[in-house]
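Down below is the structure, laid out as structure tokens.
Each chain gets a letter, A, B, C and D, in the order it is written, and its residues are counted from 1.
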Amino acid sequence: MSFLDIENATKSYGAARVLNETNISVEEGEFLVLVGPSGCGKSTLLNMIAGLETVTSGEIRIRGKRMNEVKPAERNIAMVFQSYALYPNMTVRGNISFGMEMQGVPKPEREKKIAEVADLLQIKPFLDRKPGQLSGGQRQRVAMGRALTRDPDLFLFDEPLSNLDAKLRVDMRTEIKKLHQKLGTTIVYVTHDQIEALTLSTRIAVMFGGDVQQLGTPDEIYNNPVNMFVAGFMGSPSMNLLAATLRQGADGMEVELARPDASKVRLPFSAATTQADLSDMDGREVVFGIRPEALTDSEGATPASQAIHYADILVDVVEPAGSDTFVTVTLGGKDAIGRLRANAKAVAGKTFTFAFDMEKAMLFDPETQQRIA
Amino acid sequence: MPSSLHNPGKSIRGGVQDFLPRLVLSPTIALTLVFTYGFILFTTYLSFSNSGMLPSYDLVGWANYTRLFKLRAWSIATTNLLIFGVLYIGICAVLGLLLAILLDQRIRAEGFIRTVYLYPMALSFIVTGVAWKWILDPGIGLEAVMHDWGFTSFQFRWIKDRDMAIYTIVIAAVWQTSGFVMATFLAGLRGIDREMLHAAEVDGASTFALYRRIVIPQLRPAFLSAFVVLAHMAIKSYDLVIALTNGGPGISTEMPATFMYSYTFTRNQMGVGAASAEIMLLTIVAIIVPYLWSELRGNKQ
Amino acid sequence: MSTATRSNPWGRLALYLVLGLFCIYYLTPLYVMLINSFKPLGEITSGGMVALPQDWTSEPWQKAWSEAQVGVEATGLRPYFINSFLMVIPAVAITTILGALNGYVLTKWSFRGSTLIFGFILFGCFIPFQVVLIPMARTLGLLGLAGSVPGLVFVHVVYGISFSTLYFRNYYTSFPTELVRAAQIDGAGFFTIFWRIMLPSSGPIAVVCVIWLFTNIWNDFLFGASFSDFDSQPMTVALNNLVQSSTGVKEYNVHFAGAIIAALPTLLVYVVAGRFFVRGLMSGSVKG
Amino acid sequence: MVHSRKALYLASVAFAASASLASAEGVEVLHWWTSGGEAAALNVLKEDLAGQGIGWEDMPVAGGGGEAASTTLKARVASGNPPDAAQLLGMALQEWAAEGSLGNLNAVAEANDWDSVVPASLKALATYEGNWVGVPVNIHRPNWLWINAEVFEANDLTPPTTWDEFNTVAAQLQDLGITPLAHGGQPWQDATIFDDVVLGMGGADFYRDAIHNLDPEALGSDTMVAVFDQMRTIRGFVDENFSGRDWNLATAMLMDGEAGMQLMGDWAKGEITRAGLTPGKDILCVPAPSTTGSYLFISDYFAAFNVSEDEKASQEALAASILAPGFQEAFNLVKGSIPARTDVSVGEFDACGQRAAADLKEAQENNTLVGSLAHGTAQTSAVQRAIFDVVTEHFNSDMSSEDAVEELQIAVESASY
């Protein structure tokens, strides 16, 4: 029994199924992020945990207790909404105290609690203002303050940072992480931003099309995606996914990629790279996946890697970005992005010698989109 | 706001809370069932009966309908309703929206102007009809005033003209209700999030584009309210016609509402009155139901 | 709203000019009524109905208020106000609250078929009052409400509710649902959410709804004349009696004064309720 | 039962002053007399009843010659809560009686010998199947021609007595730049003129045949064509702004000398007196052209609705008081009409009133007293309004007289079923 168990939970609206059978277990103190593009079912799942949506079939348990029929208010959860959902007619103080009032918390205790969270979130100066008079960041704090007063077993966040500007978003992200470290409360957090997912979570559930595609630690999700969707969704710039063919080479299997001029690049893909047995796959069409940081210049390649391979490719575009330089080439009929050191000598229109870190490369089945190796 | 109506609260379960919403709705449903639909059925029955001064239950088939369609007053009434309805609803909606938008520009004396636009609703047409009658009367009203001021060629005698009198009713009706329509739109405008507008402005939208592309589409529910209210007023326009022209000159400004009232109560031909009510209801169904259908279904997604 | 129009002085001028022009359109009939209510009757019938009074008199007002003959006794409109208030206040209050609750259920607690039910309720807006008069009279008689103020309140609630439901439902459609969810998580129940969250943010639409209902019920003549008794006749019936007389002398000045007096409560509602038209009640809670 | 009720009634009349025997219930009266003079006149009745210990529960609903009140009445009857008495015009009284909604006043009628004092034409409308169902209050005469004496004197004109004379005089006035006929284009006013023309050109018997009996031959006759011809001629004598004008504004035109004549009922006296003029002197009253010797009448009745036994006494007391000579005189003096019983002195009445009383007597003798179509004393409202439609439409358009006659026949036929 974990802290939060989601067991075979599904959700349908009439004939339309928006969430397929889902199984997730969350341990106490974990920070689980549900990430995926809009319409993937992540918000529905969160609302089901909150009790704002019914569970069509399956079960949701908190501390082993079935929650399906329990009212939201009795689940001992707190939730922070994307739009903050601050009551516009109440002051900040009223907003924070409303929930406690509903739970029948006596007034002095409420006051004490308000003072506590106001201190914690530095919102004391605005306690008597109305939400309309606050900035986005301030509203965000108030929304969190409101959630905090509940001393909940479980915190639910529904895209809480998506309405903030880029800088504020980074700041608030850090604050949420701090808060989690300080309070140790279990959190389920929904976002469509994969960076938020990677930075905040202890575990991530990547969702798409009403299914959990992969559930794992940030490291597993990033480095060992189970399919093309997870591989492509996580990371920025996202992983290059290029059409390729497997060929039997001299020292084992090789991956063959087409250059724009129809000549081929061949990269060994052998024992050093993968445990998978590819021996009888000669001539098979695959999708070759390599992250931009594994497609670099010779000095930029990880020295520890056992499988650096080089190839000359024509450079299309060079984009210096300060600490790095991003280079676009055409490979396997598609744009591929490489991440070079800032001072790498790549020039648009000329060929450049790229280092492929094949330890970090992977292969997918173009039909099933699942990972082959 | 893509998901405003997205089955939000299918949530609280168990016990009273589960059927509380339906419980709350049920008195209204019961009242509507009896006092709208029940009475419509009753009227349908009457329209096939030989009811005269009071309801009677002897059926006479389609006699009332055939009589109804032979009456010139009825065909005049329906034509008038068409002219009046289209002009009145159209002008009120456009004017109401325009005034609401203008009034939403942080106007200094908003409260005062709003009240000025609204007040015609407050006055009973029993009396304002007299004032309008005077204003429109060429002998003492606008035309006379213009003549006094030296514009002797000015002519405005629609109210005395059989072909134009219906338009004077439009003028007075617009005067009475457009302020309220303005208020409906104003409420809608005030419900729209300001930040979104700022965002659109930052995006470089011109004021015109801002309203056309962003604001007005969000006023759809307000349009629905306005339309229903206006259609209701158009169909039920009774006081107005009685006070202003009393159906005249001749019977040129007869309207279905005055016709219905006249036959049901004054002329003691309740059967014919009921038949005319049935035709009105069917017309309403034909016009309103498709609109409601598209509007409500559209909202559901 | 738009900074563009704010910063352009010519635009502002044109704006005020247009608004002012419409003020004239709306005020002209009131002007006619006002000036004529201060004239002696002779001045009116001898022509010049749009001219200012040569001989100002407040007698018509006094007469309309307390001296005019509206029945066998020369009571003026005064005693009828109380009947109208007894009818209009409960009717508006009940109809508005029911409409708000209906709108709340239909948007925030919608269930299968609730849109259909809304359409079903809405159609009640269109039933011609002429056809309901006789069956309604019979029903009131059966309910024992005939010729009484509660009977009138009942009738006005029945035929006002489609409108109040329409207004609130359409307003709540764009009311952020997340607020309701947040309140649910905070532990607020169905009615608490309604009273504490929904209603306080319903200012503009409540104004529209109350204005509509108040005006319609206050000014209703047909129901007032048909379902009242000698001791429950509302003000409109009295005003009508003051104004209408087929074979009696028509005192236009008193009629106008009476009409304005009769409209004062409604006007008061407009001014008072109008304050709740303030902008930005919702901002800060609606998603961007 | 009848006996005990009668006994109670007689007792209540006999000991009226003591008032102790009268029902504690008041008597609720639905009526449309709300303008100053009329309502004040009705107050006489109220005081009268108060003297007998009977409360007056006032239920006035004005509008459109009783149209609004009739709607109220229907709603009240449908709700099972009718007023004790309701003001009705003659034909409406008959229609309500036919519905079985009325009780009877035979006891009062007998006790006060109404049969011998109420003119037969009035009685015909106040009784149904031989029972008194209502009580007449007054007699109005709509076929008056009002003339501005000053205008006529200044221009040396003689009040017309026939339609031909009328046309001549009117043409002369028109030449002088004076609107010949002050008129308001409302259906009932158009019909008031129509009444006068039908009665004037066809005589009382023709009026009865055509309007009361709806005889198709009379309705389609050449006389009727001539009637519409005359209507068309009259249309030429009204000003161009006549449409929709209230009758009293037309009277104001007459009094200002803007117009020379007006065809209107005797209630116009109220406006004339109010303006400080004397009817019969400043504004002359003569019978409408060609109707001298005939008398169109309108009577207001109070109908006795079916009420419970304990209210019956006050209802009967009300009826008795209405037709009591004292009230008849007091009321009709104020109202501008003449008493509904022939044995009341009219010495106090103005010249027009006295003339009306004399004409009434004469008309009664010559059998030329006929109920007015325009004012609900000739036809059921269905037929009445159907005729209004044709008359008004003809008056306001360029419909030919032949077409109008044809339309009239169709309208009458389809409305009377």
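FYI, contacts are C-beta pairs under 8 Å (C-beta built on N, C-alpha and C of every residue); 3 or more make two chains touch, one makes a residue touch a chain.
All values derive from a computational prediction rather than experimental measurement.
Student: Pick the pair with more C-beta contacts: C-D or B-D?
Tutor: Top pair by contacting C-beta pairs is C-D.
Student: From the centre of chain A, which chain's CA centre is farthest?
Tutor: So the chain farthest away from chain A turns out to be D.
Student: Averaging over Cα atoms per chain, report the distance between chain A and chain D in Å.
Tutor: The mean C-alpha positions of chain A and chain D differ by 91 Å.
Student: Mind checking the centre-to-centre distance between chain A and chain B? Centres are C-alpha means, answer in whole Å.
Tutor: Using C-alpha averages as centres, the distance is 53 Å.
Student: Counting in whole Å, what is the centre-to-centre distance of chain B and chain D, each centre being its mean C-alpha position?
Tutor: 38
Student: Two or more other chains touching the same residue: where does that happen in chain C?
Tutor: 47, 133-136, 176, 181, 184, 221, 240, 243-244, 280-283, 286-288
Student: Residue numbers in chain D touching 2 or more other chains?
Tutor: Those would be 64, 71, 74, 78.
Student: Which parts of chain B, given as residue numbers and ranges, touch two or more other chains?
Tutor: 7-12, 17, 54-55, 261, 265
Student: Taking the touch rule as given, give the residues of chain C at its contact with chain D in the complex, in rising order.
Tutor: So the residues of chain C in touch with chain D come to 41-42, 45-47, 68-74, 133-138, 140-141, 146-147, 221-222, 225-227, 229-231, 233, 237, 240-251.
Student: Spell out the part of chain D that touches chain B in their complex, as residue ranges.
Tutor: Listed in rising order, the residues of chain D that touch chain B are 64, 67, 70-71, 74, 77-78, 95-96, 99, 185-187, 239-241, 243-245, 380-382, 385-386, 389, 392-393, 395-397, 414-415, 417.
Student: Of all residues in chain C, which touch chain B in the complex?
Tutor: It comes out as residues 1-6, 15-16, 18-19, 22-23, 25-30, 32-33, 47-50, 98, 101-102, 105-111, 114-115, 117-136, 139, 157-159, 161-163, 165-167, 170-171, 173-177, 180-181, 184, 189-190, 204-205, 207-208, 211-212, 215, 219, 221, 236, 239-240, 243-244, 252, 255-256, 258-260, 262-263, 266-267, 269-271, 274-275, 277-283, 286-288.
Student: State the interface residues of chain D toward chain C in the complex, per the touch definition above.
Tutor: So the residues of chain D touching chain C come out as 28, 32-40, 42-43, 45-46, 56-66, 68, 71-72, 74-76, 78-81, 83, 140, 188, 246, 248-249, 252, 256, 265, 267, 270-271, 274-275, 336.
Student: List the residues on chain A that touch chain C in their complex, please.
Tutor: Residue positions touching the partner: 47, 50-52, 71-74, 77-79, 81-90, 98-99, 102-103, 130-134, 139, 146, 163.
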